[in-house]
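Each chain carries a letter (A, B, C and D) given by its place in the written order, and its residues are counted from 1.
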Amino acid sequence: MKTLNNLKTKNVPNWCPGCGDFGIWTAFKQAADKEGWDNSNTVITAGIGCHGHINNFVALSSFEGLHGRALPVASGIKIANPRLKVFVFTGDGDALSEGGNHFIHTARRNHDLTVILHDNAIYGLTTGQTSPRSPKGFISKSTPQGSFEEPLNPLALAITAGATFVARAYSGDIDYLADLMIEADKHKGFAFIDVLQPCVTFNSMYSHFFYQENTYQIEADFDATNKQAAFDKSLEWDLKKIPVGVFYNVDKPTYEEQIVQIDKVKVEKRDIASLYTKYS
Amino acid sequence: MKTLNNLKTKNVPNWCPGCGDFGIWTAFKQAADKEGWDNSNTVITAGIGCHGHINNFVALSSFEGLHGRALPVASGIKIANPRLKVFVFTGDGDALSEGGNHFIHTARRNHDLTVILHDNAIYGLTTGQTSPRSPKGFISKSTPQGSFEEPLNPLALAITAGATFVARAYSGDIDYLADLMIEADKHKGFAFIDVLQPCVTFNSMYSHFFYQENTYQIEADFDATNKQAAFDKSLEWDLKKIPVGVFYNVDKPTYEEQIVQIDKVKVEKRDIASLYTKYS
Amino acid sequence: MKPAFTFKIGGEAGFGIMAAGTTFAKVAMRSGYYVFDYSEYPSLIRGGHNVMQISVADEPVNSQYQTTNFLIALNQQTLDLHKNELIEGAGVLYDADQNIKVADIPDGVDIYAIPFTQVVKQAGGSYVMRNSVALAAALALLGANMQHLKDLIAEEFAGKEELIKINHEVCEAGAAFALEKYKSKNILSQKQNVVKQILVTGNDATALGAIAGGMTFTSIYPMTPTSNILHILAPFQEKFNFVYKQPEDEISAINMAIGASFAGARAMVATSGGGFCLMSEGYGLAGMTEIPIVIIEGMRGAPATGLPTWTEQGDLRFVLHAHQGEFPRIVLAAGNVEDAFNLALRAFNLADKYQTPVLILVDKYVCESHMSVVPFEYEDFKIDRGNFSVDKIVDYKRYEQSDTGVSTRTIPGISNYIIANSDEHDVFGFSDESSENRITQMNKRMKKLATCEETDMQEPKVFGSRDADISFISWGSNKGPILEALKSLPNANYLHLEWLNPFPSEFIGDFLKKAKRAINIECNYSGQMAGYIAEKTGFRFEEKNNFLKFDGRPFYPEEIVKLINNENTK
Amino acid sequence: MKPAFTFKIGGEAGFGIMAAGTTFAKVAMRSGYYVFDYSEYPSLIRGGHNVMQISVADEPVNSQYQTTNFLIALNQQTLDLHKNELIEGAGVLYDADQNIKVADIPDGVDIYAIPFTQVVKQAGGSYVMRNSVALAAALALLGANMQHLKDLIAEEFAGKEELIKINHEVCEAGAAFALEKYKSKNILSQKQNVVKQILVTGNDATALGAIAGGMTFTSIYPMTPTSNILHILAPFQEKFNFVYKQPEDEISAINMAIGASFAGARAMVATSGGGFCLMSEGYGLAGMTEIPIVIIEGMRGAPATGLPTWTEQGDLRFVLHAHQGEFPRIVLAAGNVEDAFNLALRAFNLADKYQTPVLILVDKYVCESHMSVVPFEYEDFKIDRGNFSVDKIVDYKRYEQSDTGVSTRTIPGISNYIIANSDEHDVFGFSDESSENRITQMNKRMKKLATCEETDMQEPKVFGSRDADISFISWGSNKGPILEALKSLPNANYLHLEWLNPFPSEFIGDFLKKAKRAINIECNYSGQMAGYIAEKTGFRFEEKNNFLKFDGRPFYPEEIVKLINNENTK
């Protein structure tokens, strides 16, 4: 089993000091350590953005592809080898803007993936433009007059589209986030964690302080198997009233357990003679 | 004002006899006739699919672009000339599969469009493949073993994403559909009508008979201003229990009324000297 | 003399024209003939004009012809559109129950009036069986072995005895009516020695090649002219143990395929130009991350939605240059169904060997035209996964330098640490923007193309004699019409280009330099191959030697022959 | 002798290197010098090495240089990486408060040790003002007019008197400390005659050109190196009455722009190669529906995510051939900020005139490098919307034939019936798949390119004497380094290509035929322009005459000079 230490790579994380991505990184390594996620059983995919740099800092096999396309790559990996744990690290620009179509369709198919959204409500890597998570009125380089658009609600969207595990955590709450990651991994199907991740450089609105002040843990008796209740809960977003926890958690067949099982490396020449009748 | 007759073009509709698209076409012409939608005030955009052929059969200025891209073209038109009524005719493959990303983002921005989904739960023009609206287990050329995927719920998706008017009708109920189109047009903001449109050639499951038997009109006292209620209602889909009517209807500022108003044709050479200070 | 007998059936879209045509072709094939068919139809489910032409010959036949020897007209429009194709001695069969005007059929053409509906009714059949009457009557008049038609019906309706019986009766009635009223000709008579053949389209051949070649994953978003590949593959997933996935769009298609390939699968996608636009970002991603994938790109009339059900060869330059910057891409073009099978079969080995995308260009003409061929032979073919290891490798370097440019590939999940990174990366896969690393990795990747050129690239084939007066040069599906034209042009030969990248520039340059007169033939507006040859070899075609066509129709052998003969008599 | 003084400042990303460098450049410009700057930084928000070099000269200066005359090292890494660029008589200024090793600075270089933090503290400033100390010290040591620095600070913090005061004090302290300890040189002294100049990047110039040229709609999804265009434009929407829309992706960007243009707006998009992949389907849609749009394509290291913050010219062939089939596209490339302004300004007229996409190729080097130029002159420029009518037209035919290929365009909403259709269409816009119609419409569309070639295409410019021994030929941002190299190569001239499609083949062919020795210079792997020239003119560059670079760095004038000189002495 890998230890926290040997998940390190030769690269030192170069996120801005204080960036919420450090919390996600630490939580993931902690969970990996606890659960024994290593190169015998795990692969990660990442989008393009500050979040995507994570693949340079975790010594697990990884695929950092194109902006917005981490999900289809992950689905392809999982179909080819369902025994792999597949983690997807994506950003709000990556998953909800450029890759919005994949987000809803990957959820609806219930691919057995764990998807971690670095939700900083900003385009970090391109130096600060409004994202689909930025609130109405948000001022940034791309909306100097304030954004005119309602943000997307990634939890409601995931629930609506067909995700079977939907949760939220704040990136600073490392132990809880690590536990959620473990739970999401154990869940069979599309497991989605919206991580409230402060971008200390380009989004002063959603700071660590803001999330520390305004989040609360979902009630212990909340029924996470009820879609309507989950949807209602996901609409809550107000001062002191941002719920974190598991919103939705139901059992459904995963995409991978329904389809033909191919062997990841067994590639054989095939005899097609039996098909000729049709063409004769 | 145009009459039903002079909205005709030189082309005779060539949908399959019995196709639900005839109903949509007729309802639209009826509404146009009643409301005076003509080339002085209206433009239509269409996707690629059987549905998209409609632009050849209605004598209104039209843009039939690429598969999946009717919505961004429509948004561009509306931004450039907010006085135009813009109708979007799209298919379930067009709007929910190829164009799924535009669907959620156009809804969330509340562009002032009327979007008519020819929802036949199939890819018609490409001769019958499973669509994101086809039910689980659906057998088609692309899923001969039955589809493994849960369908998308376009109403729930529209409500979640931020549409402000969300309704459903059966294409055979022409008068009602025409009335809905008029109401949707009058609505300020993203107005979406999911039209249950039988494809008599490739989808025998959702026939005219099926919809005639299984739809019911939403209760008169239903509160369409309540998002949660609308969402709950949109989840209903069962034998004898497919609601039609207005699910959601709220007032919010449209995208176009918030942004800078450009004049559609006023293009002027501009003096940039005032900007030089910044660069000096 | 035209080296084939050409049969045509036309009518309104949605009335089973293609099915009837294919049945005719199979009867001819089972009777010992070679056949080729070509169909035209609009981008509509119903309405519009559908037509299918079948060339039948004693020797292998490679294309359609402009003239028609026998026409079945299911409606007036068919007659109007095609009557002038009828040549001396031809026959035309039409529905006498309709008010069809036959007044201006050319002289010397036999006219067969058969009341389709009446015959069907009398035989106790239903309206939808009218095509069977027409087909049976035509076959009878051509002296065909009617047992083949009966067999085909029995195979189609296998298990439904009632349907078989009534269809057989309808056919018999049609044949009887025709023979009673008209004299039969001895044209399609049963041959003694029947070579076993199959009747396949380019799409069939591609799908079969992919199955034979060991494909384990494919994601295809439907798009004419390659949608049929998915229709052919989807039912056989369990039988052959592969996954077909219908994705939400083409972007997802190629990224899923890349993911699957990264995890060890043999992956393929198929699309047309519009979908390929959306794949173009993933195309280069595969190049950069060195992931093998096979891409089938089926060209059609363009730009934009264009002429969705018509043919063109306008995407040559696009696929050669799609995506920002440069990466090694192997680009091949299929000339006919046999090529389509062989290229699809072998593309997976090439992709694995060079760990990069292999793209096969086809077009509507080759994708959807049937040709009869002897069953595909690939005994010598072996799966070659290239430098691929499932061993545990310590200090593994995914992008290590090597003489060939190829490094050892492994897969996740077997304790190797493998990094794929779309950023420029070092030998491990970590992002590295230094000048030295950039140069090393670019050279490494591009080296693969040079290796492929030396090791795997095939010389183009020359058909016909080496020292001809006229040398045609072309690529893709023009192969068919050109080979047919050669039958009438003994002084011409043909250089067929299959490898487009890497490109056999030297061979081509030599050939062209030696050619007495070289003529470039292409189905696109500007002569893209002519430009490519000029760039690569320095040889420039004079304008009069560029035969171009861009109206969505393939070349006809007669057009090629006429162009040459007219010039010669000037 | 190097015709410029080169100043460099380097340190860790996120520490205001670019801001300090730009301030230095402005001081020089306001003192009457010409400046050019070039910066390098990784694709990270923090960490990694940032560096900016400013060339200062008495004459217009067009590029960076390999050698450095004055270096500010904010950290050890900067010294290590750049010390060898320092030439005899150069100076290096570093932070004496850090434990920086200066041991192996080359001989003959003046070393200035300034304790940044200490000076800041003593002046009562805060840690973030350390760059001000460095800058003030450097400017003082170079004999600059310190008032410019003070003015720039006052402008930056306008309205915040406290901040201005303390920054001024910090600067004064920095200058005083330096002058006390070291001797000042007379290098950046104030000139008497100061020509009014502005300091702009290619992105600035493009944005300004678009504003001046009447753009009314733009949708840009952020992507290096063109994101700054949106940052520049967004704040001025109300002032100049246009809309900037941030779309969900690049597909939406181009389709929105097409919709806006259809409705009458002047529309633009901007992206880089990866985003352009996603736009490539819309590119041809605009071509097919004959909708004017302007596309800015900013190249960077590729393929895939590649080298996002580095330069390359690898997308030439891609933009020339992107999209299935063929349609008329006008492709231009900007050589420097003045060209960027002029091309953006005029692109809208071209797009409207030919009712088709106009694409401007830029690259990271021109997009993000500042150059000082006299304010843009465009008095003679007039808006030309081409054949555009807002009258009511009876029996309107959107795609009517004409001699030029251009037909009358109108807009929806004014009672005209106008149909845009991505299918092949007839004169009205209705779908039409007939052969005759197809040929007519293809010829009509492509005719526009021929018209443009005759009417609007500009001859390429030759810099330097017509009969030189060496003729450089290149395109895009290489213009800068080549023009600088010419200053040291009196026997060389330079043919700069701005129009890439239509392409001035005849002019270029003539020029190359006459050239004693023609050398192609490009920042890409395979020499795409060389290939294009071979295709279009028949002229083929020998391998030794292809100067190619593909490591993400632009050419340096010294490299070009050295290549020539080394060869001459061989």
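Please note the rule applied: contacts are C-beta pairs under 8 Å (C-beta built on N, C-alpha and C of every residue); 3 or more make two chains touch, one makes a residue touch a chain.
Everything quoted here is computed from the prediction, not taken from an experiment.
Listed by label, the chains touching chain C and chain D alike are A, B. Judged by contacting C-beta pairs, the busier of the interfaces B-D and A-D is B-D. Annotation: 42 Å between the Cα-based centres of chain A and chain C. Look at where the CA atoms of chain A average out and do the same for chain D: the two points lie 37 Å apart. For the pair chain A and chain B, the distance between mean C-alpha positions equals 31 Å. The set of chain A residues touching two or more other chains comprises 48, 53, 64-66, 97, 100-101, 105, 132, 259.
Touching of two or more other chains is recorded for residues 43, 237-238, 248-249, 251, 274, 281, 285, 289, 304-305, 422-423, 431 of chain C. Here chain D touches chain C in the complex through residues 42-43, 251, 272-274, 276-278, 280-281, 284-285, 287-289, 299-310, 312, 314-315, 317-318, 320-327, 422-424, 431, 433, 435, 438-439, 442, 446, 524-526, 531-532, 534-535, 538, 540, 550-553, going by the rule given at the top.
Chain A contributes residues 12, 14-17, 48, 50, 53, 64-68, 97-98, 100, 123-127, 129-130, 132, 141-145, 201 to its touches with chain D in the complex. Touching chain C in their complex are the following residues of chain A: 9-11, 38-43, 45, 48, 53, 55-56, 59-66, 69, 72-81, 83-84, 101-102, 105, 259-273, 275-276, 279-280.
Across the complex, chain A is touched by residues 14, 43-48, 221-224, 227, 230-231, 234-235, 237-238, 244, 246, 248-249, 274, 304-305 of chain D. The part of chain A that touches chain B in the complex is made up of residues 97, 99-101, 104-105, 108-110, 132, 148-153, 156-157, 160-162, 227-228, 231-232, 235, 252-253, 255, 258-259.
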